[in-house]
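One chain, chain A, links the two complexes that follow: it is found with chain B in the first and with chain C in the second.
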Partner chain A sequence: MNPRLTGGMAWLLYPLTAAAMVFVLAPLAVVMAMSVSASAFASFPPTGFSLAWYGAVLADADFRFSLAFSGLLAACATTGALAFGLPAAFALTRYAVPGRDALRLILLSPLIVPLLVVGVALLRLFADWHSNSAPVNLLIGHILVTTPYVVRTVTASLLLADISLEEAARTLGAGRWRVLRRVTLPQIAPGVAAGALFAFMVSFDNYPISMWLADARYVPMPMLIYRQAASIYTPAVPATSTLMILFAFIVVLLIERLAGLRRAMAM
Partner chain B sequence: MRINLGRRQVIKAAATAAAFPSVFVRGARAATRSIQVGIYSAQQGEYVRKQIIPKFEADLDCKVFATEGSTLNQIAALRATRDNPKFSVMFMDDIGIEVSKREGLIDALPVDKIPNIAGVLPRFMFFDGYGAGFALAAGGLVYNPQVTKPLASYAELWEPRFKQKFLMTSPKSTQSLYLLIAAVSIVTGKPLKDAQYEIDSVWPKMAELKPNVVSTYENMSQVMMVAQGQVEIAGIEWSKNLYPYTVQGAPLDMCFPKEGTFAGINCLSFVKNGPEPDLAAAFINRMLDPSVQQGLATATLNAPSVKGATFGPDIAKYIAYPESKMSEMGLFAADWAFINPRRPGWLEKYNQVFGV
Partner chain C sequence: MTATTASSQPLRTSLSRMVRKPSTATMVGLGLGLPALAFLAVFLLVPAVRLVSAGFLTQNAQGVLTGPVTVEHYVHFFGTSLYSHVLFVTLRISLVTAALAAVLGYPVAMVMVRSHPAVARVVTFITIAPLIVSVVVRTYGWQLILGNGPTGLLNWLLLSTGLTHAPVRLLYSEAAVVIGSLHVFLPMMVLPLASALGKIEPHLEEAARTLGMPAWRVFHRVTFPLSLPGLAVGFTLVFSLTAGSFVTPAMLGGTNAQMLGNLIDQQITAVYDWPFGATIASVLVAIVVTVNLLSMRLLDGKRRATA
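The block that comes next holds the complex of A and B.
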């Protein structure tokens, strides 16, 4: 356990940490406060207190569809990111692949290139392919931008994994698949979980890619919120945003319970 | 930690991902023809999605894939797909028609395949038939009738009583150009149609406005500051954005000062070399159908572009219609061919003056 911070340093660090937390959380708090306003229009500070807007949002068919669609899209994008990212991370760390540094750069490039640019490029690509299916286009786009998160976290885990354990298992007669399942994966599980978590949330929150690839039928949650905000700005908009914040919070808690988020993040 | 990850689980997960498109199929059915249409968002987008497109699809046994966006998005999408056009019809403001025509992104509307175009008021046909207006919003100033009297002239915005009380529309918006034109009109005394050619001379006057500008805004939600009394005037804003708040009971109204009323015109355009041109023409024709125009205007509080629509007093008071009312309000549409090439420079100047 880390020792408690005391003395002059504590006087400096505690207020700074508190200020940083306020800076990060204040916008979310404002949104949450606006969502419980009793008035017909969103305002801050809120007037009165009501949870009626949450009822209205949850009863809205478009909201329910978008939430389910975004959840499924994020889950499938995460699966795809794991399918591509895990082998890629293994190849980059365990094998002498020709041009490894260049490959790593290419795999991580969606993190560097502005997503708006990636979105326009994908729009052009799908037009050339005559691909008019918004769900398929969105899935491909989201896999593209989420895979680097898996590659990065799994690569870091693999570098820290003890290869001698795998060699010992092989010496004792275990096959490659068994070594992977019983020795390697348990060691890198926190990295895989962290990568999957990042991939899911990046997909779930993505706007710049979805903006170019979605159509009016398949509307992911961020686009639904934008659409609502462009109409009459009732407390339903911050209520929807608050539900998204809570959803993200629940996902983080679940990962923490299932895979040990703190362990994963402390790599 | 122990993970029981077998081959079956891996295959199952992969199969779920592969089946994604078929898991979520919304309103899909077999149709022989399809077009991609770029529409607006907000109330108008909702009406087009839920009321106009389903009936059009049923009547013509076709599929219409709609994508929502703003004029800038729509033009960017047309540019990105220029070599292999994906869209057939694109909604965009009159300001975008000029750009799209100049860049060869759209074609002239095939009027012989759009019989309803005969009913469109001539003032809504743009750039030699490359754009046909289908909805009109009026641009003016937003005020709280419980606190402020409507402004008779844009010149009042410069008065000391509005110090730190004017919420100005973002320089990035089309409306900000109209504020410049109004300012030229005040300085020179010229009508808006002549004032628009002298914007370069207006910056000293705009600098005098700075003390009154409390902030700039991009989102309509910020206009609620007027209702809450934090500011007294906001704009220039479109009637279609503001009046839905008024209808819902917010203490907000619009005024259209004597210099003139600015026209925000939503147009239909025909994408150059777009797929299924006949179906695209039929969709444009449907958008200009008198009954569709009537319904769209009622739902979105935009004026229709066709002749002969009638509205009850509860709707009529919010829209610039019929044509005689448009003339009374001094409706003004800018010369975008002159303005568009100069706009980046003016945006830069705006940023310098107001530090935004």
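The block that comes next holds the complex of A and C.
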């Protein structure tokens, strides 16, 4: 149990934290406030109240396509990340693999290299290989950035799972598969689900990889918002952004329920 | 506490398993790690090596990269004041952002670890949740707040309270990029800090207090030094992520606060100069890797010194 803040420290730190929370929430709150403005311009203060911009956004063909495409891309990328990340997390925690620290470092390395550079490097590779399908190229790029998140979260879950239960089951004669299915997986399932949700959002939100690999037809959501924010000044952009914020907060609540936010972040 | 016992347990069991069945377990483990490793080798290592080597080649009129090996792009990059200035600005923005993140993040991390569980939960939620909102959306929010006209939120506030009589230039500046980056990467400072603060043995501070140390000295002599590893990790993360960003400088810095990421985009997309783009990308990666290695050495050194 950590000591509670008292006296002068409490008087100093609570207001500072409150100020930091205002700083963190301010841009999101402003975007949401602007999205219900009746004015035709995204200017402060918002005038009147209208949900018209949401209607306009939801009816927009570009928005619908980007939303569906980003959702599908994120779902496929998450599946790929689980396929690569789950076994790798087991290798890191349950087997005496030689050079385990090096393996962990390599598996998490996409988190250290600037994503923008990963994207440029992939663009060059795909160009040289004449791989011209934007969806395929995007999927490979997104699996690359989401896999480390799955590895990190699942590794943390496996380290927290009670290994003596696995030992007991094996002593009682259960085979490797049975132990995995009946003892290990039930224990780590919430962590895996949280990791998968996190990976989904990492892909859904990604800009610095997509900016290189997308083409004129397949435009992921963040790129659509970026382009609209740079070219038009209507509350359609805040409305689209607000939908992104609300979706993200639903997912965050789910992750919090499943595994706890800090544990899902494995930090 | 729990982390150390948890990590030593699998080690112990896997050791015992190794003694029982040496080759099979190792082979299964390798087999499980192999697909991910192969994927990373093909789509991260190979492209990275090719990109770095592109920086030492020349592009002919057909856009094909050919020899001989040359360092002229590096000479061009470091020798042209326009480019070295962008490098300098990138380093300055990343450094200032990381420092401000430490100042702003420290109180948040303390509250996260040492307040009523309900308060800690809310603070954790507010800190982490925006991380899952796209950088584009969050930066767009800052565009609305920092807008240069009288309709930007801050300018509207300043004008309507009479603090200024003409709109202030806030957007498209280095300060705006620092504010945006701080917002985007603050959680990367708070989380490692909170985890370091959470690991401090309560008895140490208790002992210092019992010996008559005032609260601020307990913090200065006990808590703060023990939180330094977390601070180092957070600083490294925020610095590296800021240095490699594109969206924030593009949306908040414009042409006044270009960073290396924007320069790479320009060279590849607009100028189509692959060798030079690859050179800038290599410089960026070199900076990030150097900072990470330095921080790892620093942390290892500290660990060895305290052990």
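Just so it is clear, the second predicted complex is superposed on the first by the 236 of 267 C-alpha atoms of A that agree within 3 Å, B and C clash if a C-alpha of one lies under 4 Å from a C-alpha of the other, contacts with A are read in each partner's own complex, and residues count from 1 in each chain.
Just so it is clear, contacts are C-beta pairs under 8 Å (C-beta built on N, C-alpha and C of every residue); 3 or more make two chains touch, one makes a residue touch a chain.
For clarity, every value in this text was computed on a predicted model and none was experimentally measured.
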Clash or fit (per the criteria above) of chain B with chain C on chain A: clash
Partner chain(s) touched by A:L73 [first = chain B, second = chain C, both, neither]: first
Partner chain in contact with A:L13 - chain B first, chain C second, else both or neither: second
Chain B versus chain C as contact partner of A:A174, first or second or both or neither: neither
Which superposed partner A:L28 touches (first chain B, second chain C, both, neither): second
Partner chain in contact with A:F90 - chain B first, chain C second, else both or neither: second
Touching partner for A:L108 - first (chain B), second (chain C), both, neither: neither
Chain B versus chain C as contact partner of A:R124, first or second or both or neither: both
Chain B versus chain C as contact partner of A:S231, first or second or both or neither: first
Touching partner for A:A56 - first (chain B), second (chain C), both, neither: neither
Residue contacts on chain A - larger count, chain B or chain C: C
Common interface residues of chain A - those touching chain B in one complex and chain C in the other: 41-43, 83, 120-121, 123-124, 128, 211-212, 223, 226, 229-230, 237
Complex interface listing, chain B residues touching chain A: 1-7, 13-14, 16-17, 20-21, 23-24, 26-27, 34, 36, 39, 41-43, 45-46, 49, 65-69, 73, 76-77, 80-81, 83-86, 219-221, 224, 227-228, 244-245, 248-250
In the complex with chain B, residue positions of chain A that touch it: 40-43, 65, 68-69, 72-73, 75-76, 79-80, 82-83, 120-121, 123-124, 126-128, 130, 132-136, 139, 177, 181, 185-186, 189-190, 211-212, 214-218, 223, 226-227, 229-233, 237, 259-260
Touch list for chain A against partner chain C, complex: 1-9, 12-14, 16-17, 20-21, 23-28, 30-31, 34, 41-45, 83-85, 87-88, 90-98, 103, 106-107, 109-110, 112-118, 120-125, 128, 140-141, 143-144, 147, 151, 158-160, 163-164, 167, 198, 201, 204-205, 207-208, 211-212, 221-223, 225-226, 229-230, 237-238, 241, 244-245, 248-249, 251-252, 255-256, 261-262, 265, 267
Residues of chain C touching chain A in the complex: 2-3, 6-7, 9-10, 13-15, 17-18, 25-26, 28-30, 32-33, 35-37, 39-40, 43-44, 46-48, 50-51, 54, 104-105, 107-108, 110-111, 113-116, 123-130, 132-145, 147, 149, 151-153, 156, 183, 186, 191-192, 194-195, 197-198, 200, 202, 205-206, 215-216, 219, 240-241, 243-247, 251, 261, 264-265, 268, 274, 277-278, 281, 284-285, 288-289, 292
